[in-house]
Structure formats: C-alpha cells, structure tokens
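Same chain, two partners: subunit A is paired with subunit B first, then with subunit C.
Take a look at the complex of A and B:
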C-alpha cells in the first residue's frame, strides 16, 4: 500500500524550506543580487526617468526570470547523488518529490518577486493601475519558473556539467512565462486583451506540472 | 572498421533529387524579376523562407520522434530525434544569417528587435541546449530519455515564432504564404518560392536521412565500446625498449 502523497509533498517542501532557513541563500544572496541588478541598469542606460518608467516593468520581469532561475535550480548544486538515493530508498514517491521541490521553489520565488518588485516600484516609479492582475501573475510566474527549474534539474541530474547546463536549458524555455507576464501588464494593452496572456501563463504552468509529475518516476530510474 | 560502416550510409534518389531541385530553385530565384522596392536583395527571400520551413519540419521530426521514443524506448526514435534537432539548428542558424544579410540593405541594420527575429534566435538556443544536454552523458538510454523530455518541451517555440508577427504586428513581414485566406503573391514570385520550398524541403529530408544513418552508426560504435569489443585508445602503442633490453613491462 502506498503512502498518501500530500504528507510526502509537505515533508519535501518543509525540508527544502528548512534548508533555505538555515543557509539563507535566497534571502541574503539572490534577493540582494537582484536588487543590485535593478540599480546597475539605470547606470548603464542613463538616468532618463520617463524611459526608465517605461522600461521598468520589463526590466523587473527580466530580473525575475534570470535571477529566479538561480532560485529554481539552486538545489542541484547542493543535492548529491547519495542524497537522491536516500530519498528514493525512504520510499518518497518521485511525483511527490517533484511537487514538493516545486512548491518550495515557488514559495521562495514569490518572496523574491515581492521584495524585488517593491524595489523596482520605488526605483523606477512603475505604474500599478493594474495591480489586481498581479495577484494572479506573480504566483503564476513563480509556479511556472519553479516547475520548469525543477523539471530541468531532474532532466540534468547527475550529469557532469549539470550545474552549468541547467540555467542554459531553463532560460530560453522560460520565454512563454516572460511574455505572459510582460504582455498582460503592458499599460498600452486594452483591458480585454489581458486575459489571453494570463491564460497562456496558466496553460504553461499546467503543461509543466503534468510533464513533471508524469516523468518524475522514469527520470529517477534513469539516473 | 569505421570506414566500412561509414560506407553503409547509402546514397539514394533523395540526395540526387535534392541537389537537382536546388539548382532548379536557384534558377527560378535568379530569373524572377527584382522586387520594385527592395531590388535584387529580395531574392534572398526565396531561400530564407524555405529554409526556416525546413527547420520547422526538422523540429517537428524531433518532437514526434521524442514522443515515440518515450512511448516505445526504441533507440531508433532517438536517432531520428537527434537528427531533427541537429538539422533544425543548422537551418535555423542559416535562416538567421540570411535574414541578417537581407536586413542590412533593407532596414539599415543587421539586427532589429522584431518579435519574430528574437523568438527565432531563442528557438535556436533552445535546440542548441538540447544538443548540449545530449553531450553531457555517454549513456545512450539515459541520454535518449532525458533529451526526449526536453524535446517535447522545446516544441512550444515553433507556434510562438510562427504566430509572433500576427500577435505583435512588428516590422517583420506579415505572413504572405501560410495564411488562412491563401498566399498573396504574384504568380511568378509564388512559383519561385514554391520551387524553393520543394527544393529545401528535399534538402531537409536528405539531411535528416543521412544524419539518422550517422546516429545509427554512432550508436553501434558506442554499443560495441560499452561491451568492450573495440580497441582501446593507446592499445596499438608499445612501450619503448632499448637494444638488448630483455625486461618486460607488466601491464
């Protein structure tokens, strides 16, 4: 008889979040790194306030994608083959393992988006008239990036160049997420044009979730 | 051993047909009248569009073969998948290069931030990532399974690239051939384009077939090496001995 999935997912999520609480990698490294990126860009393009106000949302999402990848794949560098074997021997369902890791990454990514988002709003004076859509788009992007990072990490697990390879695999595949977020919040877009982009975002999340759950067991056996 | 196997890639009517079709297509391209606004440089279009259609076809082969591999675990489908990705990457690179040559005299710059251009470049990098992933392991089964999943995810780039000009309405030309209300072109230009599509379609098919055979041969060689049947590197080299030296070097 197999154990119910939900406690397993909770256990894996708790393990990953505990690891983050102890190491503080996201809180003390990735978030400040993202904020620095938002400070550096105006130095490079010049202090043109109307221009920065216009490109601010796009820059924010680009920073979320590029630095979010570091969060979504951070476990790859930390987790060894022996640890993966131990989790498998403990009888954790691979699909639950995938879901637990993705949930933990999504929680951390939402935190990253919120903190770096506040920095972006303060620095770039971003227009927030469509803020209610952020309630869907922020978690939608976080979940998508977390699923993509977790799935790609599983695909490249135990490979010699895995740690260097994964960001290269994830970055171009995250384009539909970036497009969904930036196009939905484009201030020039009419209100009735937002929903299709949000639907694209959610559809990508759904496809990635299905792909991750279905391939979790065979990928574990492939290693 | 290897040369015998390399010879096993058979020549076929497809190779001959592809070469002849390219000659005919180039003839059509050079004999068609120059464009009223773009002049001679518009002839690049007769190669540019057919080559990207070839790339789409190759990536579609990659997608279908990846799905079939996941369903059957037959390495034959993995060979087709890698063929599709590799041929697609080459053709996409060629499309970007030709597009840049066309853009400089037409738009004044080699590169512009058109949605289709940018997404095509991203598609190129997605499949380059696929090929890099394959290089990261020597285990055939592991490589095939990992890359099949990635290949299935990568296909989402093609509709994004194709429909990007309709979604964003940017500087890149709107669809003139693959549109719901039919192709909107002069007959002479359409014939030249059609000849190009047939020719580069055949070239794509011929390249896919040859790359498939190469992948099959590589797989056999890898299998032989895994089973210890092949010569190890350095086995043919014997240690140097001095004249009159009777000592044996233990292995």
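Take a look at the complex of A and C:
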C-alpha cells in the first residue's frame, strides 16, 4: 500500500529538489542567464535612470516568467516513460504527484525570484516602498508559474511534439500572472489599487491548482 | 572501485510469508486482447492465463509485442479490444489503480533517476510506500551494492542499475512481478539474483511473467513458456 497523501507529496518534492541539488541546473544555468538578461537592457538603453526605474519592475517579472517557466517545465518534461511507469505502479496518487512537483518548482522559483530580484533592484533602482506586498506577490507568482509549468508539461508529455508546444500553452496562460504581478507593483498606481491585482494573481493560482489536481489522473493515464 | 559484486546475500530479505488471500483464481487472465497504436496492430487476440505460483516465460523476436504485453498486464496500457483481469480486477476499469501496488515491473530501460544515488532512488520508493528507510540499506546489501549506495545512477554500470532495480522489487515484494529482458547484459551472479527474486515471488504464491528473446538464462524459474510473434501467440 502507498503512504498517505502528505508523505507522498513530501517524497515527490524531496526527489525533485534532490535532483536539482545534484544537477545544479537552476543555480548554475538558469539564475545566471536570468541575471544576464536583466543586465543587457541597461546596456541597450543607456544610463537613463528614470526610464530604467520605470521599466524595471515590468522587465523583472517578464524575466521571471520566461526563465521561471523553464524551471517549472524542465523536471516534468525530462521524465522518461520508465520513470512514469514506476510512479504509476508505486500507486502514487496523481494529485499528490502533481502537488509534489509543483511545490518543488515553487521552492526553486522563489529562490530564482529572490536572487534575480536583488540584481534587478541594483540595476534598475526599483522603488521598494511597497515591499510588504512582495511577501504575497513573490510566492504568489512562484506558485502560479510552478502550477502552470507542471500542468502544461504534463499535457505536453502526452503529445508527440509536446515540448515544442509548451511555449504556446504557457504564454497565454501566464498573462494573468504577469499582469497581476506588474500592475500590483506599478509605482504610479495608488496604494488602494494594488489589492485587486494581487487578488487576480491568487485567483489564477487557485484555478491552476484546481485544474492540476482534477486533470492529474487523466493526464497520467493518457499515454 | 567499490565492491559491487558478490554472492547473493544469504539473508535474502523477505520476511513476508505466502500470500494469505490466495485463491485458485488466476493472477493474470487475458482474453482476446488486441492493442493498436495508430495504424499498426501490436497485439492480436492474445489469450494468457497465469496461475498463482506460476512463472511464465514469453519469448519472441524484437518487435513481437512482448513489452506491450507486459504493459497491458501492468494496467499501464489499455487494450483496444478484448478483456483482461489482474487479481480479478479489470485491467481497463477504475479498479486497476488499486491493484497496481501489487505489481512490480522491471523494464528493459531502468526506471531510475540518474542524478540521484542508488540509495536516494530507493528511499524515494520506500517513502512513497511508507517503508522504513532502514529497509533500503538492507536490500542494497543483499544485492551486493552496499558500497555503491551513494554513487549516482549516472555513474553506475548497467548491471549495477539492474541490481538496484532488483533491490527495489525485493523491498516492495510484489505479488505479480513483470520482467522485461531481465537477463540482458548481466553477469552470472546477477542472473542468479533475478532468478532468485522470481522464485521468491512464486514461492509466496505470487506470479511472474518474463518476456525475453532468450529465455535460456531464466533457468528453472520459468514453469511454462509461450512464443509470441507478430503480436500473437504461436
């Protein structure tokens, strides 16, 4: 018999984080590339501080979206057929498998956001007067991207040219996350206009979580 | 180089007694199973019955449908037509999810995570199944991998990877063991190990299904053989 749901989620999360710890892909490839992407824009537009300050938050979240989805997609997309068979025969509840993968990706994404965020603040002189909102927005975006990446790569795993379709699946679905994050931190927005955007972000997270759990079994079995 | 070979442990770990839920009902019963994938037909009207305590060998050439047959029996591939049951449960029905934990499978491609060590791979399995971590070291020792337990899979030879899969199945103790080309590229002691593993399952009144293009090395384990060619039993 399998363990209860929570130990299953912990086991899957632990497996994925151990795989990342040993491969170092996020730490040594994705994070440096994300930082470099942020570095290139000031080089292109020059030392126009007001402009950089204005576009900084939007660019930061765009980089988080583009590189973050790579983190979320990588693990699930890299799963072999033999590994998927093992997971099915071990009796892991597909919803627990989905949740475990998403939690591992979210942890990695929070790390990515924090490190690349420091680079963004230094390069773009981003206004941090509303920093308490980041305590909700940073994990909110990480969870949303993690759920989206896990869900889309599960869908893509069942398609012949699945990996090539991932960007087309992810791009439209990540728009509400990007909008929520950028609009909430727009320095020109009045303080009382932030909450609706944060609520949008959290609502998208909730919808993705429900969709992921409900489709986990059919997606596992459709092979 | 770590010592990874050696005789099969005298304390081949199996504290489990014979199954107590055994009836005379077959463990596997396939009736007129056909599997299609796109335009091709992989299995054509296959009938197969495997009784408790029986080890059946299915041999055939490459592309004969052996691996597909195993995946159908493992409830991982829903047949296009025909009926089948494993432990009396319809292989295409929702009840199949509940019998999967009784099925162990070692495919011809190792189901291991290459970045993880052998011990980490088995710990993942143990934790999912609620098995004590101590059992991992016990089975790794039994298959002669105690000194290689902290080696990453990607740094292990094919034979070592196979041994660690044998260790996994020793730990899980399935009632139905499915083996796909289990003897390929193995040294004699590993061949003895997999045969011993199969014998333990049948001794508990479980069942074993081995598919291979060469069943000679299955030795005395296999009690009956079938030949498959072109997706049907000859």
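Observations on the model:
Heads up, the rule we're going with is that the second predicted complex is superposed on the first by the 217 of 223 C-alpha atoms of A that agree within 3 Å, B and C clash if a C-alpha of one lies under 4 Å from a C-alpha of the other, contacts with A are read in each partner's own complex, and residues count from 1 in each chain.
By our rule, contacts are C-beta pairs under 8 Å (C-beta built on N, C-alpha and C of every residue); 3 or more make two chains touch, one makes a residue touch a chain.
Please read these numbers as outputs of a predicted model, since none were measured by experiment.
Within the superposed three-chain model, A:173 lies in touch with subunit B and out of touch with subunit C [touch as defined at top]. When the shared chain is aligned, subunit B comes close enough to touch A:165, but subunit C does not. In the superposition on chain A, contact is made by A:219 with subunit B only, not with subunit C. Of the two partner chains, subunit C is the only one touched by A:8; subunit B is not. Comparing which residues of subunit A touch subunit B with which touch subunit C, the overlap comprises 223.
Here subunit A touches subunit C in the complex through residues 1-4, 7-8, 10-12, 14-15, 18-19, 22-23, 80-83, 85-86, 88-92, 221, 223, going by the rule given at the top.
Per the touch definition, subunit B reaches subunit A in the complex via residues 119, 122-123, 125-126, 129, 132-133, 136-137, 141-142, 145-146, 149-150, 152-154, 156-157, 160.
Those residues of subunit A that touch subunit B in the complex are listed here as 151-152, 155-156, 159-162, 165, 168-169, 171-173, 175-176, 179, 204, 207-208, 211, 215, 218-219, 222-223. If you check the complex, the residues on subunit C that touch subunit A are 71, 74, 76-78, 97, 100-101, 103-105, 107, 109-113, 115-116, 120, 124-125, 127-130, 152.
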